[in-house]
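The following blocks contain the structures, represented as structure tokens.
There are two complexes below, and they share subunit A, which is joined by subunit B in the first and by subunit C in the second.
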Partner chain A sequence: MTEQMIQAYTNTAAILSGILFWAGFLVFGFIAKRYNTVFNKSTFHGLLMTAPSGILIYSMLMIVKFTMVIKDPAINNMLQLTAYAFLLVSALLCLFGISKFSGLLSSLLKYEGSK
Partner chain B sequence: MKYDVLLYEAGILTLIAAIVYMGFTLRKLTAVVKEKKLIWLLPMAAATVLAISLGAHIYANFSLLPELSAKITEISSPAVIADQAKTDIIRASIQGFKVSLLNLKTVSFSAFLLASILLLISTSVYIRWISK
Partner chain C sequence: MQGTINSISIAGMLRLLCSYGKTGSLMVNSGKIKGSIDIIDGEVTGVVAEKCLNPTQNKKDALVQLLLAIEEGSFYFEEKPPAPNKPLGISIEEVILESAREIYEKYYGQISVKDMIFPENEVLKMARLGKGKVLTMTMHSEEWNLMASFNGDSNITTALENTGIAKEKAEIIMYGLVSAGFVRRMRFKIPEVSKIAKESFGNIGVAIVDNEMAKQKIDSTKMGMKNFIGLLNGLENSFAEIVGRARAKEVIEKIWNATK
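Moving on to the complex of A and B:
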């Protein structure tokens, strides 16, 4: 494989991974939504479904960076920095949402065990 | 200090923590639906693969890149420019570093892609169970 082909492959992998991570977390949000209906308790599904958006924005910014011919390296760096910031914030929100949902499940399982 | 690199690595580290937590949550969820399948291990595998990707990224940025910069500085020094044999050795070394960096980048992003696929499979399988 030539250097250009490897670059194209890694760029595609970075974008595709971001989209798949977003989809994976979104489906988890849908699972939480189902439990919200079943248990009639807040499962933080709204947070779980919106939190991964940052990962999608990360992918979009990376597409812009890789496909647009931006000559100014300062703009390129700013674009990359923004993408990484979105990734971090999104991951933090996902972690927070999952911990809340997990805490609720633990109390529900404990309640079921005590019955 | 490369702030963008640190920001990316902090993001991936947090993502790993979120995926591990998701794995434990999926374990509780499989207990709720009384399924005995081990799909919660898929997010754990995804987190492990992502940790490998992060390791490759850290090694490339904090070990290989500084060494490459040092070699580039060395090749442009007057003492090396005057010595053709030395120049050839350093040039070959720089080429070696470039190949290593490219290989690490490929490994890192392949692992990133594999982790995302594993995560999507685990949540998709679970939602299919509860949708029956």
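Moving on to the complex of A and C:
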């Protein structure tokens, strides 16, 4: 396997993983939204559904980087830096949203009744 | 026909025998109370109280005394025509209510009807009179008001509370009303929804039930049938959001079956 093929494989895997992560978190957000509907308590479902879009932006920027013929390495580096910055912010927001939702879930699991 | 008093009250048995127009003698023996009631074609024709709490010569009072055999003992109905006496003209329903009055006026704390009354989550309603039935009797306001509060919607706890009668007294009156056949149990009773939800979904199930009750402003201790139906609809939607429509239907079915 040539170095070029390995590069193509890793790029494709990174982009696909990004899209799958985004889809996974979106489903998670929908589940949180259901808990919000039932219990009328803040589940941060809005955050859980929007935060992963950073992962999607990361994937899109990576696609742009690898498919467009951009000769200028400075622009390429900028694209890569921006993509990873979106990924990092998105991951942090996802972690925050999940920890909040997890708090609600654990309080429900410990619930013993109103009386 | 024979049985023990803790399976059915003497009052309830006597009413059934009379309403089916039976002929024979109902023997009662609870140790402290012993006697027999002669019935011809559903009419009481003779009463003998060999042992009772308050001996009397009056036949109606003697019958009231025999009906005080509530907590223990046995009865036996001998389907053999008794001595051909004339009917005493006693209204069975009135005597049953009178025996309940006797309990809360004279034997309160000594005779308990707890084992004879329905659980508090049951729903009762006024019974219809059989076709052609004529009823002449005396009722006290508390008895009438309690009977009227059994509207087929509220459970026993709520109905008793609504009358404002002291719970213990109200329970004795209710015993009288049920034994006399004036109120009957509805097909439905309010099941323990939280318990079923917990068995099905754990603590989250309980949280869903409490949350739905809060949303619909339902007090679980005063829940009527209308509230209950509304609660079931709400719960089906809530359960479906969390566990899916099929599983939600399954649990709602379980709750529904518990009402029967």
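Criterion: the second predicted complex is superposed on the first by the 111 of 115 C-alpha atoms of A that agree within 3 Å, B and C clash if a C-alpha of one lies under 4 Å from a C-alpha of the other, contacts with A are read in each partner's own complex, and residues count from 1 in each chain.
Here is the rule we go by: contacts are C-beta pairs under 8 Å (C-beta built on N, C-alpha and C of every residue); 3 or more make two chains touch, one makes a residue touch a chain.
Remember, it's a predicted structure, so these values are computed and weren't measured experimentally.
> Is A:G24 contacted by the first partner subunit B, the second partner subunit C, both or neither?
A:G24 sits against subunit B, while subunit C stays out of touch.
> By residue count, is subunit A touched more by subunit B or by subunit C?
Partner with more touched residues of subunit A: B.
> Touch check for A:L109: first (subunit B), second (subunit C), both, or neither?
After superposition on chain A, A:L109 lies in contact with both partners, subunit B and subunit C.
> Please indicate which partner A:Q4 is in contact with in the superposed arrangement: first for subunit B, second for subunit C, both, or neither.
The answer is neither, since A:Q4 touches no partner chain.
> Examine A:R34 and indicate which partner it touches, taking first as subunit B and second as subunit C; both and neither are also allowed.
In the superposed model, A:R34 contacts both subunit B and subunit C.
> Please work out whether A:L87 is in contact with subunit B alone, subunit C alone, both, or neither, and reply first, second, both or neither.
Touch status of A:L87: first partner only.
> Is A:L95 touching anything from subunit B or subunit C once the two structures are fitted on A? First, second, both or neither.
Touch status of A:L95: first partner only.
> Same subunit A residues contacting subunit B and subunit C, which ones?
In subunit A, positions 34, 108-109 sit in both the subunit B and subunit C interfaces.
> Mind pulling up the subunit C residues that touch subunit A in the complex?
For this pair, the touching residues of subunit C are 194, 202-204, 206-208, 210-211, 214-215, 238, 241-242.
> Mind pulling up the subunit A residues that touch subunit B in the complex?
Result: residues 3, 6, 9-10, 13-14, 16-21, 23-25, 27-28, 30-31, 34, 77, 80-81, 84-85, 87-88, 90-92, 94-95, 98-99, 101-102, 105-106, 108-109 of subunit A touch subunit B.
> Which residues, counting only subunit A, touch subunit C once they are in their complex?
Touch residues, subunit A against subunit C: 34-35, 37-40, 108-114.
> Per the contact definition, I'd like the list of subunit B residues that touch subunit A in the complex.
Of all residues in subunit B, those touching subunit A are 3-4, 7-8, 10-12, 14-15, 17-18, 21-22, 24-25, 28-29, 31-32, 102, 105-106, 108-110, 112-113, 115-117, 119-120, 122-124, 126-127, 130.
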